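Both complexes shown next keep chain A, but they swap its partner, so chain B is in the first and chain C is in the second.
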Partner chain A sequence: MSLTIEKRLAPSKKWMVLSILFALVGSAIASALLLRVTGADVGVAFAAFFDGAFGSSRAINKTLLRATPLILTGIAVTVAFRAKIWNIGAEGQLYAGAMASYWIYFIIGPDIGLFILPVLFLAGFAGGGLYGGLAGFLKSRFQVNEVLTTVMLNYVITYFMSYMLVSGPWRDPASYYAQTPRIDKSVWLPKIMSGNKLHIGFIIAVLCAIAVYIMLTRSSLGYEIRAVGHNTRTSMFKGINIGRTAILVMLISGGLAGLAGMIEVFGVSHRLSAEISHGYGFTGIIIAMLAILNPIAIIFVAILFGAFYVGGLTMQVATGVPSVITSAIEAIILLLFLSASTLTRFQITWKDKT
Partner chain B sequence: MSELFQETIIISIFAATIRIATPLILAALGELITERAGILNLGVEGTMLMGAFMAFVGAYFSDSIVIGIILAMIGSALMSFITVFMAATLKVEQVVTGLAVNLLAAGMTIYIYKLFFSGGAGGFPTIDPMPTLALPLLSKIPYIGPIFFTQKAITYIAFFMIPAVWFFLYRTKWGLEIRCLGENPKVIDTKGMSVTVRQYFAVIMGGVLIGLGGAFLTIGLVGRFVPEITAGRGWLALVIVIAGNWRPSGILLAALAFAFLEALQLQIQGIGVTHLPYQIFLGLPYVIAIVLMVLKSGKGRSEEPARLGMPYFRGER
Partner chain C sequence: MCGEKTAPQSVAKQVSGRGPELRPFLKVENVTKRFHQVVANDKLSFDVLPGEIHCLLGENGAGKSTIAECIYGIHHQEEGTIYINDKPVALSSPAEAISTGIGMVHQHFVLVESLSVLENIVIGTEAATPILDFKEAEASIRTICERFDVHIDLHAKIWQLPVGQQQWVEILKALFLKVRLLIMDEPTAVLTPQEVQRLFRIFREMTEDGMSVILISHKLDDVMRSDRVTVLRRGKNVGTVTTSNTSKSELTNMMIGREVELRVKRDAHEHSGPLLEIRGLRAKNDFGAEKLSGIDITVNRGEIVGIAGVAGNGQGELFETLMGVRKATDGTVILEGDNITNFSTHNIQKKGMGYIPDDRFSAGLIGDFDVQSNLILGAHKEPPFASKGILNFSKIKEFAQKSIDDFEIKTPSEAAICRTLSGGNAQKVIVAREFAQATKVVLANQPSRGLDVGVIEYMHERLLDKRRSEFGILMASEELDELFGICDRVLVMFKGKILGDFRSEDADIETIGLLMAGQKVSPTRKPV
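== the complex of A and B ==
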């Protein structure tokens, strides 16, 4: 008898659902263990976690607010990963979008009020898109591995922004911190309901997810993306211009991440600083994988991850356990899911040796 | 500037180059062995970070540098075990696995660090870093001595590993078999030898080297741990493997080039001869890495393993 692993002809739906469940249950156990190590009361910690994330309408609002950039980075990563283009640079593209939109605001100023918003959205998309597109261009023109370029570009933009904020022209002279002055209230993203912090960025993120879903499933570009991702060689013979697709994919992917940056600046922090992203670009990768690269599923997974963050903070207050535990847990979820999802693509069978 | 002063500066730049190259060489050699076995370990950054963290924890609680190094090796071996288990056994997409390993290391190290080392009134916990080990006689040679032979023990190990890894890959049976995995694993399989066992061996051995590079950052240099202390060196190691064309000698040159740039930057900043913003120097290595990859594309014979990043399935062509 021997164990053999064989490829399935089609991915198994049953195992897909089971592996998500496995990842969630497994990570709950892992977090209980991690909490136990600290000596914290696991029950109290979990209760505080759920209360903080979903316990009141205020909590739900916070969770959705936190989910907004995650939806956008999640679908940004999805567009690229669907074409098997490994965009690891959503974090950098997010900052590129934030910087581009702040730059436009810096030039135009707040005088025209909310009429500036469409321009700012465009700037955010363009900033992230061009930054991502650069990696796409290098990939298609010079066959440079996009994983490495996007990672390098993450570092480059971080230092560039640090310069602009520390000693450059954007620095708020009145502040001790390296950040821009506060953006005028008239240009803040409007709130969905007064009294809550949740802004229209959430609706825009959800609309983007739906648009990406339609683009991927109904448009010819979406067909090309999926074809390239499925088999690059075959799609070349089908007459798809692989280089052009790679650049387009990175433009869209970077643009969506850039939009997340713009939304965080004008909807949440109301100024540009290095603190606008809490690793959203990287969390977006985990979210995209868990959502099996499905833009609609991403909305829900992103909300779950928003809850992780908000709940983690409440838990920190209640038990003193550092809230960064959630980033460790997120990685564990991803690893468990990846392991379990092997069974969606392969079947393990016992065979008699002959 | 007096001549003596200039001389001191030049010596200190080159000595710093050797020092800064140490973790890059170790991590790149580790990744080289891994990639030669056909596995793309994108978790270098995380593996290195885990090594750096475990080395600090070990040295902090035991007051022994040796224990720190041993723990660093165990920690990074565990991280690369995850990598190779996902890649070789479960055949998960290696890019995603690498990222997961990086995120896991980043999250776990900060979490454990905050748990054990925060709230103390004494600020950041520190240890005494490794002492400098001036080699007898050799360190007395003018110029050469202070540059090459007045370094830390891990640096000597790193430079010794270059011929050692070369010898292993090109002059031993296991090295040949590992290189074969990266080109055509079917050959190994049809000879009745285990592909998986060799992949595990290569990735974990590579991971230990990567972790040793991480250990150098904490217990070799600064004597403390800072979250994300690796600061992209793991990713640079990946670029160094490409720039060095998957050969130990090329890796040495590429690592020295990057290290020289950083050493120069430190010196320029240190004596304050320029008014350029310091961020330019910090960002420069990454820009140069991209330019290097562009320049290298399509030039010369690439030694890139043909099966890099592709899982092996028995029965597939």
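== the complex of A and C ==
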């Protein structure tokens, strides 16, 4: 008997569902074992996990709140990855969007109330978009590898922001921390339901995911993005401007990440600081890969990740397991999901060796 | 050619007469291989004797490459058995095939362009130690080169070599691995007539030693030099015949199941004035070496101009420059009086130029897209396929279905992934698309490479249709029969220059063959 692995002609839908089930069951077993080793009561821990993530409307709200920036960064990298442009800079573009929107708020001030919101959304998108577009421009004009530029630009923006917050004009003089003063309540993103923290940013993120899905599957632009991603040479021979597409893709990709930054500033932290993103730009990459670059699937995977975080916190509190255990569980789940997802693209068969 | 070495009769005799004592090296028995619903090989059986050149002949999609890839361990048959020396084998990878003594040279070479000939030959081998012994390898490769009379610079980088030479590298690789059976997929596609002769001389040297060769070819001239021919049709063995007992017309008949006239008739057609004028065109390849050194070509309305020449002499660069994918460093391209030199590809296509590239899946199609998406590539922003940036799928589907009907594209549906189509049908997708989009000029680079007679004829008919509707057509091909058949004029391209310009009626194959090898007509010199 020998084991052979063959590439499927097309990803299998049946195995996509089965692999998710495998991964879920597998990660439940692995997490249970890990919890057992640390001496925690597995039943209590799991109950706390589910209760914390989905147990009440408050829990669900928290989960969705956490999922919001992840949806946006997930679809941001999806747009780029579909064109085989490896944007590793969603984190930096998120901060660029956050800074651009805060800058506009800093200039206009809170006097016009919620009327400022469309401008702030635009500023967030433009900030992230221009920052991503810079990498796209460098790629198309000078053939600079976008992996390098986007990673490096992450550092540039973080240090620039540190300057603005530590010794620059944005620093809150009344605070010990390097952060801006709190944004006026009148321009906070409106809540979806009163009493909960979930704000309209979630709806905007979901709408963006749907829009990106439609853009990728039904528009000429999306067609071009996919064409370039699958075969640059053929696309070039058929008159698609590769450089222009790269810049456009990075504008959109960066813009969506920038929107996530704006939404975190005006919806969650209500001030600009280095703590607004918990690596959302990087987690977005994982989410996009798990969702096989499908924007609709990204919504659900992002919610799952939100649940890991929120449920994990509750589990820590309930069982007293160290916080690294929740990170470890998260990692186990990821690895299992990623290995199971290969089943959708490859088939493994046992062969008789006669 | 040395007389005593070209004796195919020895094996042929044994095949027809005293067969039983010669045990086949390879036996394929009732092999069935399916790709989803498509049956590529259907209970296929044949055998290959030691020391024979065995040809697999068949139309595109007949399953020749599939069975070769099953033997070479790339695919695995669902049913049936492959025997080597009477022992059943189940090869799960090319590496295993190589260790069993089977080598394969693919239609598209798998060489590392930036490495030297020597390195390319050695990297595939399984070394006993982690450090490759290049000195020893070089010595043994030199011995092989002398034995088979192959002249090649072992230290030249692959990209520096013409395509014809790259083929020798692939063959040397197989010889270096000491294979007992060499599978050659369309080996003569990139060779001059003189080089083909040499290739067969080497095959004969190999078979003298008891090696076997499986030759996959469409060219009846090649097939006639083999010992036996197995003809495939729709994945089945139509018959295995001894070459000396058959004829080209019998083989063609077996292959497509009907008698065909090998040449499409070119009717008299008066052209009407210049359409595409290329003047002093120069361009460089990706490595900065000049590949076009002042090209002058005029294509008139209603005229087919052929470029004869071995691939790699600048044909690709010429078409890329004409299509705006490559920058011209000097010279002009004029279409209907407008200077379109170095226009963007998009604008050149808008001006009415279409292009059928030689490498279907790397320059003509997007393999992972479905057939309908490939059919609108290039027109995907314009009505009727899109309006205000949104694709109109019902219009796209309608157009795709019409194209599939008109061009007889064999595909499960318009939504089938293009990569799963056979070479001929993939080519038809490109032809359908370019003919729909082009309004004035069609450029074609090796349009019939790897295609069977049926599809080639079909394409020729279509090209002649375009000629009748006053298109200008410029096509490069290595098939002289093809060029003489449908072109009004034939030019010869060698090392970035046009060496000759003949009216098809006045040209003879011998002269053009020599020009293709870069020789001024001097038949006394020994061919390369």
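Points to keep in mind about this one:
Operating definition for what follows: the second predicted complex is superposed on the first by the 324 of 354 C-alpha atoms of A that agree within 3 Å, B and C clash if a C-alpha of one lies under 4 Å from a C-alpha of the other, contacts with A are read in each partner's own complex, and residues count from 1 in each chain.
Everything that follows uses one rule, which is that contacts are C-beta pairs under 8 Å (C-beta built on N, C-alpha and C of every residue); 3 or more make two chains touch, one makes a residue touch a chain.
This one's a predicted model, so the numbers in the text were calculated from it and none came from an experiment.
Of the two partner chains placed by superposition, only chain C is touched by A:S220; chain B is not. Number of chain A residues touched is higher for B, counting chain B against chain C. When both complexes are overlaid on chain A, the residue A:L138 reaches chain B alone and has no touch with chain C. Legend: residue contacts after superposition of the two complexes on their common chain; A:S235 is shown touching chain C, with no touch to chain B. Common to the chain B and chain C interfaces on chain A is no residue. Listed in rising order, the residues of chain A touching chain B in the complex are 5, 7, 34, 37-38, 86, 88, 138, 142-145, 147-149, 151-153, 155-156, 158-160, 162-163, 166-168, 282, 285-286, 289, 321-322, 324-332, 334-335, 338-339, 341-342, 346. Touching chain A in their complex are the following residues of chain B: 42, 82, 86, 90-92, 95-97, 99-101, 103-104, 106-108, 110-111, 114-115, 118, 232, 235, 238-239, 242, 277, 279-280, 282-283, 286-287, 289-290, 293-294, 297-298, 313. Residues 2, 4, 6, 9-10, 218-221, 223-224, 226-227, 230-231, 233-241, 351-354 of chain A touch chain C in their complex. Within the complex, the chain C residues that touch chain A are 35-36, 76, 81, 88, 90, 92, 323, 325, 344-349, 355, 357, 361-369, 373, 377-378, 380-381, 386, 389-391, 393, 417, 419-420.
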